[in-house]
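Take this structure, written in structure tokens, and hold onto it; I'll ask about it next.
The first chain written gets the first letter, and so on, giving A, B, C, D, E and F; residue counts start at 1 in each chain.
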Amino acid sequence: MAKIVIFGEILLRLAPEGPLRFAQANCLQATHGGEEANVAVSLANFGHTVNFVSKLPKNEIGQMALGSLRRSGVETSHVTRGGDRIGLYYQERGVSQRPGRTIYDRAGSAFAGAVAKDFKWEKILDGMRWFHFSGITAALSPALAESCEAACKVAKEKGVVISCELNYRKSLWTPEQAAETMGRLCEYADLGIVSDDDAKEVFGIAPADGAHGAEAYEEVAKQLAERFKFSKTAVTLRSLPTECGRHWSAVLYDSGKFHHSRDYQMCVVDDAGSAESFTAGIIHSVLGGTAPQTTVDFAAAASCLKYGIQGEANHVSVEEVRALVKTAAAGAK
Amino acid sequence: MAKIVIFGEILLRLAPEGPLRFAQANCLQATHGGEEANVAVSLANFGHTVNFVSKLPKNEIGQMALGSLRRSGVETSHVTRGGDRIGLYYQERGVSQRPGRTIYDRAGSAFAGAVAKDFKWEKILDGMRWFHFSGITAALSPALAESCEAACKVAKEKGVVISCELNYRKSLWTPEQAAETMGRLCEYADLGIVSDDDAKEVFGIAPADGAHGAEAYEEVAKQLAERFKFSKTAVTLRSLPTECGRHWSAVLYDSGKFHHSRDYQMCVVDDAGSAESFTAGIIHSVLGGTAPQTTVDFAAAASCLKYGIQGEANHVSVEEVRALVKTAAAGAK
Amino acid sequence: MAKIVIFGEILLRLAPEGPLRFAQANCLQATHGGEEANVAVSLANFGHTVNFVSKLPKNEIGQMALGSLRRSGVETSHVTRGGDRIGLYYQERGVSQRPGRTIYDRAGSAFAGAVAKDFKWEKILDGMRWFHFSGITAALSPALAESCEAACKVAKEKGVVISCELNYRKSLWTPEQAAETMGRLCEYADLGIVSDDDAKEVFGIAPADGAHGAEAYEEVAKQLAERFKFSKTAVTLRSLPTECGRHWSAVLYDSGKFHHSRDYQMCVVDDAGSAESFTAGIIHSVLGGTAPQTTVDFAAAASCLKYGIQGEANHVSVEEVRALVKTAAAGAK
Amino acid sequence: MAKIVIFGEILLRLAPEGPLRFAQANCLQATHGGEEANVAVSLANFGHTVNFVSKLPKNEIGQMALGSLRRSGVETSHVTRGGDRIGLYYQERGVSQRPGRTIYDRAGSAFAGAVAKDFKWEKILDGMRWFHFSGITAALSPALAESCEAACKVAKEKGVVISCELNYRKSLWTPEQAAETMGRLCEYADLGIVSDDDAKEVFGIAPADGAHGAEAYEEVAKQLAERFKFSKTAVTLRSLPTECGRHWSAVLYDSGKFHHSRDYQMCVVDDAGSAESFTAGIIHSVLGGTAPQTTVDFAAAASCLKYGIQGEANHVSVEEVRALVKTAAAGAK
Amino acid sequence: MAKIVIFGEILLRLAPEGPLRFAQANCLQATHGGEEANVAVSLANFGHTVNFVSKLPKNEIGQMALGSLRRSGVETSHVTRGGDRIGLYYQERGVSQRPGRTIYDRAGSAFAGAVAKDFKWEKILDGMRWFHFSGITAALSPALAESCEAACKVAKEKGVVISCELNYRKSLWTPEQAAETMGRLCEYADLGIVSDDDAKEVFGIAPADGAHGAEAYEEVAKQLAERFKFSKTAVTLRSLPTECGRHWSAVLYDSGKFHHSRDYQMCVVDDAGSAESFTAGIIHSVLGGTAPQTTVDFAAAASCLKYGIQGEANHVSVEEVRALVKTAAAGAK
Amino acid sequence: MAKIVIFGEILLRLAPEGPLRFAQANCLQATHGGEEANVAVSLANFGHTVNFVSKLPKNEIGQMALGSLRRSGVETSHVTRGGDRIGLYYQERGVSQRPGRTIYDRAGSAFAGAVAKDFKWEKILDGMRWFHFSGITAALSPALAESCEAACKVAKEKGVVISCELNYRKSLWTPEQAAETMGRLCEYADLGIVSDDDAKEVFGIAPADGAHGAEAYEEVAKQLAERFKFSKTAVTLRSLPTECGRHWSAVLYDSGKFHHSRDYQMCVVDDAGSAESFTAGIIHSVLGGTAPQTTVDFAAAASCLKYGIQGEANHVSVEEVRALVKTAAAGAK
């Protein structure tokens, strides 16, 4: 399997057990998340050699995060140790009509305070096939945005494929800041991934007035592809919570054609990490050279299964994802 | 927010974890419930100053119940300490087609043995805006029924608004006893709340022959309002359990008009405490002076969210309830 | 209630908590299962005197299995102690579109190594009314297949009713081996129970080409009945997992007539043990002499409730099953 | 092994996990206890056939108690079902200098309300070798005291050996009441067991002024033996809690001679049930016909091991107790 | 009981279960601590009306901290809401020879960022009898040190007794900074409490060369009393961890005389919060006007019991502490 | 830090929670152990690059074991996947006078069935500094004994230091078989480690008649060293369980001199894995080139800390071990 480098932050996630609300919790499940970390674990579960590049405090709490990555088989030799604290967030699971609730406490984290020399890109990217990062990393500090760009440049030189997930977080920066920085960084990417809302929020690219549904986002994918010269562009579509669970689907624009995934409806165990499970599915498929329809089918099925996994990371194998694609195609839904 | 007095029993609730049956349980979750206690916690979560009036044994088990109320911000300075035991019940969660199972062990509780002088209504109700009680309190003993009436009289004198939930429990008294006592007590109430079955069971007020559904209960609400001169009357409608969860809706009769809530369908975490979450929603809305439709919408949405909360009390905020009302109205269901 | 003998293996079941995957598990719930053990517990919960006949190692781990049976009221005086280990399996719960996952580690178990003299059938079956076994027991070793036949012979002599569940497990033997052995053993049975796939796999008996649904299996039931001279034949039908849970229904062929159960759709807590809950329901009803439709209705409702029970064994009472039959018939579904 | 009948109450025990105090507890471990139930489980663990005679409510909570006894192999066919509730108690574990805390809620239990005809002694005691009861049973109601006497009479007729543990509980009756009733019942017993304090409290039999330690209780044992014509009399000695755990020792008076056990000092997991573990050890040894010194050594070692067992019942085997006796004798302490 | 005001920070404490190390933890117990919060809970458990003055973020995580205080009966109406995050720390329990491990993550907390106007001392201290704070509060920011002084001034005017615990934390400031600020603040205090090391670290007040043991600290207490004109001065002495647990003792200097507590040795459940349990014991006793020896005996016994309590706060009652004093005095140790 | 290769089996360990006995357990903690795996994790915790060489089934249960090693930072690229099952054992914790209880179920494991070609020693040992194995690996099958010898030969050629722990297990082979095989394998080892009993059991090397205590084992160490030409020989001494915990000490024979560790007495959380924690301590120290006394002091202190760690592997850092050595030397014990 391929050698992949992922650059981003791993956060401590503190979550009440099961459906408990914060006010009822007496203990908190300690797992780890963060967009890039989730992509890393998912790709390791698909059998790839994944190197996670980040920075963590040199104490036992930083070590817990390393252990979490390693347990899933992610390599951590390029995680710099230092800084004061691990970023964390409190996560309450959504149930039925109640949406999930996330409270971030990530300011001042070791990663947010990282500087250029913490990451030796020449060495890190040597012999690698793929480099992935997201807009969250770029949003954390100008130094990290520069590190993203430095990494992209080295990757380009070495012929490493680059993917970028837009991942706009309004708590971290303004749309204008995001547009400026991400507009620059996206230019390096071969594969671009955005959620339905982010393209509009950051780049003002939205479905035509009144249009909605998966078809409406074809135009969004196309405009993004044209603007940033993505060879492949994926847009994910997520529904509001209902008593019946969540919906998930996506559209992939590749070589001038649109490919739609099924629209999965799922009972939800944990609705965090869905976007990342999709991203990992796309990267895996593109690395495997599958046809665009197969690619988006695989990625959407991976996301569907993520909703049934506790925690943020997607603990499913390639075989399990393929089995769902096959079952779903057979009409069993 | 308003100052509210709630009079009733708080019970220890012993429940197997998750979907376990009693026969499988090796530990029991110890939370607290009881109709009035649930209304109290819900109103405290809505931001009100709530004083719970009750009686608990002067030992650590009574103290646990106090701690449970206080943790949610309910004031307990008017809880008399004494008596032999806390009333309790064993609660098994319903799942899919299996209904929940409740086994009461509340006879001989400190509250059931309370006497008139345990409650100093003049002092308790001083400066308060709302007084709430239910038929369960009145059913526990003649002394408690008298205490309810004593409280109502003082409340009336002081201009405190009174609400009464009928809450007929056949294990505690006969329909005739209930009709006699509750018929008298309801006369004091400004706001009356009944479930679909109770009005028929106690007062013989039922939908016309063959009628069913929410509309059929308009007549029930109207008859109750006329008989007891309630300024507002709410009737709640609950469905049998199905594989898809539970349904919940309500009708509010106010100033000669009927106002129907949406019919919510919910995945169920814990189906106990739904009536109380509705009652708290109505009281909150009436205190806030909202329009009748807004009132019933708020109360039904609060109940809908309760089904996703573990334990009996409704741990949701006003903002969360309003968000669901808005989402539901937008057709997302 | 009737005296029933069940012959088979009880296995230790190790399962991650709730929806956790193996890769996430740090502790494993230790319950017990195995087709015959599940039938035994279910029948004890229906109030029968059930004697479980098996073999377990003479250590604390064997003792845990005994305790598990006894806790549910199953008698264990005919469980021989000896051998090296208890058979076990790892079980991961299915969620939404993800199917459950079972990993067996039962080779070399005490029961698989049992010999003829471990079971004194003359004594065991004395005064009993019913004897049940399944194809799993017969598949574990030639000695156990012979023990099944020995037991059947004694049962026949003593007028004990015999039921046999086909239960083909491809990990234990080939279809040819199963057809040879089970073909012989089924001849002793009064009641035969098969799942939709097993009849085809082992005996080549399948619905007509292109036919599907419950009706298509009428022919299967009839052919089985004719071939083995079953007085009653039940075929169970199970669906693939979907986001909405699982479906379950059955058809009973009795005295030349077909009786269909409702098709239940269920939210799933634990989808293991459904076949066994159905078998127990059939045995209970036949013992009670109920009409065929009542029999299949009771058994299917019992299975429906099983899906909401954690673990393999069906902890429901006769009253609870009957209540569901009644509710479902009333159209509440 | 011998057939033993034990008569008494089984109570639901609700205990916070580990060292938690009631005020901190959010769930309660649900095990079962009660003096006689503990003796029964311990004797079943020693390999005896034990029949527990009691009364439990006919609901799932009563069933949990039955399951608890059965799981340990205790036979429950003579447990009458009926009454309103199971007696229960809340138990907080002692730690270091903090003593354990027990809060009883047993009034009005099914067993306390049992009547003479609930127990068919002729049938129950038929073919049995030993009958055991304690002062707690006699204290619960005059009807139960009479049942104890009725059982003793039948036992005497049938040649069943009788043991009685004094077990004075001041919350249940006065010393005078206890002296009157137990004075009468002890006359039937062959084996009498008392704790250091109870003999003084009830019968005014105490060590000589100023005397203390194990030797001081020789006189107590002797006086009890003479007064009630016990063939064997055991007195247990317990220490106050210290940071180092608890101490436990006993003296057995048999045929005019005194036999002292070692004085065990133990780390404590759960200090409830120690007296019962000793009683079971004495009964087991006497049934086995061991020498008096071996008898008291076995019983004291059984108690020592109990302190390391969670819950009230002593889950140790004869082999484990003997191994400790041997190790301790070898001076390893 | 008395009305007490406590000023300080409440922190979220995240601790692996039982003896687990961070590297093994998959969930973290979420309780709350912080020196002043612990004193507050302990005094509420002693029956006092305690008002905790602090600042917490206006989100559910801040609410959890409020709930924790309220559950123990501490009043929270003077807790200002605002700021970005709650301060937290990770706590690993010490076992046998392994010391406990604390990793702080409290920088940037809501309380550390509090400003003068967040605390209305005139209103807060109105009608109160006691005001307590510690060096930790003063160390968090110059603004908080000023708030301490502002509170002291108002307290002096109103005749509120003031106690101050030195509590030097080298991670928060230098000895010089502490000496300057605390030297000034101690002047307001009537009661001063220090640990054996802090007096030396901050004020250079230490036992004479080579002196050790409780007596050696008499001189330390005396010098502190003279320098700051404390009417009462307490010094606590703590030992290094051993396999046998921890030791704890204290010396109180009052009106020119020294009073030594017993030296308790304890099995340890949780060794955090011992100093605070002592401080609460001293405050309670001084408020009750007990003799100095009784005061130090009570406070040391309270600390001894704390070691057996999980979490930081001391959940023991006045009666329990007195019982230990009595038992210990009786020589049972 | 050094590159180390460890060869052996990793087993699934199933243990009741806390002090529970098997008969009480409803869930089992799933960690991993096995002598060599424990040494590997401990050395990884000391900062070394450790490669674990073994064989595991190619399923999720094998994957759990890999994840467990990786979580602690052990490299697993040389773990061959295949075979039928993971070996496992059930472990009950010892408490106070009750010894721990281990029930093995390891026959037929993937590792026990491994063959020569499963391990490519030339590649595995390339560039490594240390190779460790134990008598357990050699006992599992002749093929594994040969693999041990093959590895030793390659190691010798490459100048890799070899350590061997005798680790006699009577359930796996006879003393004669062990003597024959281990006698041959020990000849390759530079460092030999034995427990007090094993040297006698396998090689008949025991203290002089009547001698006991640490000094008596000097002669044992010397004879082993002479027989196998170990450059360093360590003998560990363990005590029987008492109420006060366990004792642990060791003697190291190096260059003709004896070096004794302190005799540690410990409160016990989990007494499994102590020998391995000592072995890892010795290997770490020898790799670091510390003096013999420092070596045995470090290793014994590491073991002492292990007793306070749950599970088999020793999760302590070099700094923590050194801190205990220093504290202990200072007389604080």
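Note that in this section a contact is a pair of C-beta atoms (placed from the backbone, for glycine too) under 8 Å apart; a residue touches a chain by one contact, two chains touch by 3 or more.
No experiment lies behind these values; they were computed from the predicted model shown.
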By that same contact rule, can you tell me which chains touch chain C and chain D alike?
B, F
Suppose you hop from chain B to any chain it touches, then on again the same way; how many hops at least until you reach chain E?
1
Note whether the interface between chain D and chain E is symmetric in residue numbering, meaning over half of all numbers used appear on both sides, and answer same or different.
different
Of all other chains, the one whose Cα centre sits farthest from chain F:
B
Distance from the CA centroid of chain B to that of chain F, rounded to the nearest Å?
62
Between the Cα centroids of chain D and chain F the separation in whole angstrom comes to 44
State, to the nearest whole Å, the distance from the C-alpha centre of chain A to the C-alpha centre of chain F.
42
Among all residues of chain A, those touching at least two other chains are 18, 21, 23, 26, 67, 71-72, 244-245, 267
So which chains end up touching which?
A-B, A-C, A-E, A-F, B-C, B-D, B-E, C-D, C-F, D-E, D-F, E-F
State the interface residues of chain B toward chain C in the complex, per the touch definition above.
18-21, 23-24, 95-99, 239-240, 242-245
Flag every residue of chain A that touches chain E in the complex, lowest number first.
14, 17, 21-23, 25-31, 59-61, 63-64, 67, 84-85, 90, 92, 101, 103, 105, 107-108
Report the residues of chain E in contact with chain B in the complex, numbered from low to high.
66-68, 70-73
Footprint of chain F on chain D - complex, ascending:
18, 45, 71-72, 244-245, 264-269, 304-305, 307-311, 315-316, 320, 323-324, 327-328, 332-333
